[in-house]
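In order of appearance the chains are A, B, C and D, and numbering begins at 1 in each one.
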Amino acid sequence: MKKLINKPEDVVKEELEGIAKAHPDIVKVFFNPNYIVRADAPVQGKVGIVSGGGSGHEPMHGGFVGMGMLDAACPGEVFTSPTPDQMLEATKAVNGGAGVLHIVKNYTGDIMNFEMAAEMAQAEGIEVESVVIDDDVAVQDSLYTAGRRGVGTTVLAEKICGAAAEKGYDLKKVADLCRRVNANGRSMGMALTSCTVPMKGEPTFELAEDEMEIGIGIHGEPGRERMKIKPASEVVKLLAEPVIEDLPFKAGDEVLAFVNSMGGTPLIELYIVYNELAKICEARGLKIVRNLIGPYITSLEMAGVSITLLKMDDEMKELWDAPVKTPGLRWGV
Amino acid sequence: MISKDAVLAWIRTLADVYHENRQYLTELDSPIGDADHGINMDRGFQKVLEKLPGVEDKDIGSILKTVGMTLVSTVGGAGGPLYGTFFMRAGMAIDAKEELSAEDLVTMFQAALDGVIQRGKAELNDKTMVDAITPAVEALREAVSSGASLSEALSKAAAAAEEGMKATIPMLAKKGRASYLGERSIGHQDPGATSSYLLFKTAYETWGQAN
Amino acid sequence: MKKLINKPEDVVKEELEGIAKAHPDIVKVFFNPNYIVRADAPVQGKVGIVSGGGSGHEPMHGGFVGMGMLDAACPGEVFTSPTPDQMLEATKAVNGGAGVLHIVKNYTGDIMNFEMAAEMAQAEGIEVESVVIDDDVAVQDSLYTAGRRGVGTTVLAEKICGAAAEKGYDLKKVADLCRRVNANGRSMGMALTSCTVPMKGEPTFELAEDEMEIGIGIHGEPGRERMKIKPASEVVKLLAEPVIEDLPFKAGDEVLAFVNSMGGTPLIELYIVYNELAKICEARGLKIVRNLIGPYITSLEMAGVSITLLKMDDEMKELWDAPVKTPGLRWGV
Amino acid sequence: MISKDAVLAWIRTLADVYHENRQYLTELDSPIGDADHGINMDRGFQKVLEKLPGVEDKDIGSILKTVGMTLVSTVGGAGGPLYGTFFMRAGMAIDAKEELSAEDLVTMFQAALDGVIQRGKAELNDKTMVDAITPAVEALREAVSSGASLSEALSKAAAAAEEGMKATIPMLAKKGRASYLGERSIGHQDPGATSSYLLFKTAYETWGQAN
């Protein structure tokens, strides 16, 4: 294992120390339990937005705390859902009296831990709404299973709902908007290499020099199918088509196109992927009206990409464009 | 009867067992999960070891509830709420007792199982820890009600857990992270079912041998 | 070689197509010769700033074109200096009548190609100043050699000088400022893995599973020393100490600390590195007044980091904070 | 005398030679450079091949200047300006000629070398292409002035270039990318000196054998 870390068991703690030192103007970091809140939390009268999940997906979620996006993030151990006590403390810290939205990615652990936290927060008199993001079309959806994973759409939901809360939307409106974003977003990812969980010290899976894995999750979960590597044009087709057909996205739709690095894939390749994605969207009559290109929801140092399309309406566009000031996403301010 | 000391010994041994099996459970969690189950269980039970001295003189129910709460706030993932609930419900079920009869054990583990099912909503054959815990509790109840010795009853529970664990191999996962894999989850032993088997195996080894 | 590309020879062209499609509001992309200019170029009366270099360092330089930073960037082939015709066209395209600054990293190829371009531009009546960035302390400096490489300080110089030009500084003042930034910036990098040049198809060098290379360049050039991997705390010391001692940075100095990913190292590790760097700076009495953390000057998918410290004065701080709107760096607008 | 066709043949063969040696030159550029010298030279000369038909009926000077300008605008890196200058100066030195004498060759290559030195400011023993070109031009001049046949003179130039190229192995680089390596540049053959050797070797093989 080759990583710029000290002891594997200290990775999350030291990362948080780094964040605390780097961005005191934007966030405050708390330890034991670990959570990150906006420097000016709680914002009185504003709906608070809390998200969280395992670490290893940076900048998500901690890097999205700040004006116009999240009020707090709860980082778990690497790839391990955080615990209810973190979420409870974060929820209390950002409650400005207008209630708190939990944005939860659809993983059994995240769901159960956030559920326990919401119960506890409600017991303390804080109004909590939870929205589950489940946008990964690589996974078969079904009532009888855990359903789809939450991936790229989470970032977009956090930005859009963060702007809505900043604008004064009430809890129910922010939660409904979040569900609408989730209902209109679809993602799929692939890996060229595995990631290595620091505490495990070895790659989660092995891919031969000429293999890739399609439909991968963001925790090194195996994907839909392993196959020989292909040119970017074909890889993008393998990702984009299931995404487009699932919603389905239709000619004339306005979309946000999000090309995400899994951590080890550099920007030069992301632009090549974006170029292919733009061609496919054009051929299908989808109009890309916004985009996001970079490493925003990563899987440690995994090489690979994910593609997310979000069908946008005017409200979402306006909220997407609204000012945001976080360590990981910033504009307009 | 199982003394409070025996309960404490079980928990301490369990911490050792999860520490020794950290890598093994994590490996099981690699092909169909995210390679952290052993790490998570170990982190949680090491924290439990730290917390134990502070509650040793309380009753068994309080001790088990502390174990559960500690697991909830240190394990994370799916394992944390599930095993946390397991021990919290176990503790609530036997309340202020200072020692446990065989019947108490049945009550306790049944309550623990009910908690896991309520929290995780898994059914039998979903390829989860429920597939190991359910047959273990059933075997325990049957053995106890048919008058078997504690040792025999625990031995049967452990054996049933082991069988349940192995039975997860051919299953197609319906709950938890493995379910994302669909057909590709088949052929792998469920890590949570394995940690549950270790829990019953350790109970037998700690309580059964002595009784 | 595992990359999300089509044909190796099309990498730069398709990357540029992707950039053109992704950011039409910020940049215009020209082909044959290849260069990227601000969408609103030339800005009349403003000093134009042009930089360039081999591709494979994204977002540098193309990602730094836009309001408040570069007016144009000339991307060469991967790791290969661009050619004078690109630079000449870019220089003409951004000349708003106040002259053009060429920011050149100190590589023989870049120097010679920019020199030829400057001669040609001057022959066409455009006033051109050139500033060479040579901040890499891993390389022994000497009058008799090619001197030091230009690395991390380039990004900082582009931001600061871009803001100065935007504010109306004249050509000589922008160039002097650029020299001052270069004189006050020092960098050093390291690699955990090699990069693979697409056209070569194989890693430039081989590092064993337990080895790292200290003092690496941004083109896969071998470094100062190969050694066993060490904890982040020691690695950061190996980078930061030569950097600090070279200027030298002294107790009381205000610095910008820049922790850069070489492309394959994810943000979680960068924050651990930043945490260590902040400790060292604190122990030495250096005051980190600004920071930049992320993949800004990369070496394809190489895993590793570089550290840059820039001694800042009030003018630099103000210019650093000024609004910038580029694909790769954005705030205040 | 060397006809214009022979000059064109030299350039075309050179394009083939650089294409064949693309990987080799790139490998040489890996330990002490950035692994692109062969790729760069090949890209440049393939473009030259495309441009040649348009200038074939011009004089040799114009043809060489076109080669130089094409290299400048397609090779990039250090190789582009250096080989670009090499050919532009070569073309300027012999101007509008339609064939070249042995003396013209000396003049031409000397001018090319001067251009490279002026552009790159390298001295002998800096471990660059100058270390191959300089002895080649000297050997050529000496052979020509001592009345050797063109074939013999070119053979000597190629041999001197080869020796100069090999002599770069133990050198410590002072210019170009290899200089960043300091002591670690020792023990590696310079890629630019190698491409220069190939240039003279190809001149001998194209012009020498026939004459």
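Just so it is clear, a residue touches a chain if its C-beta (ideal position, glycine included) is under 8 Å from a C-beta of that chain, and two chains touch if they have at least 3 such contacts.
Just so it is clear, the structure is predicted and the values come from calculations on it, not from any experiment.
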Taking each chain's mean CA coordinate, chain A and chain C are separated, in whole Å, by 29
Whole-angstrom distance, CA centroid of chain A to CA centroid of chain D, is 55
When centres are defined as mean Cα positions, the distance from chain B to chain D in whole Å is 76
Check: chain C positions touching at least 2 other chains come out as none
Among all residues of chain D, those touching at least two other chains are none
Among line, ring, star, complete and other, the chain contact graph is line
Touching pairs here come out as A-B, A-C, C-D
Touching chain C in the complex, chain A uses residues 2-7, 11, 14-19, 21-22, 55-56, 58-59, 63, 192-193, 209, 212, 229, 231-233, 235, 263-275, 278, 288, 291, 293, 295, 298, 300-301, 303-305, 325, 327-328, 330-333
Residue positions on chain B within touch of chain A in the complex are 26, 30-36, 39-40, 43, 72-82, 119-120, 173-177, 179-182, 184
Listed in rising order, chain C residues that touch chain D in their complex are 33, 54, 76-85, 107-109, 112-113, 115-116, 136, 138-140, 144-146, 148-149, 197, 199-200, 204-205, 217, 219-222
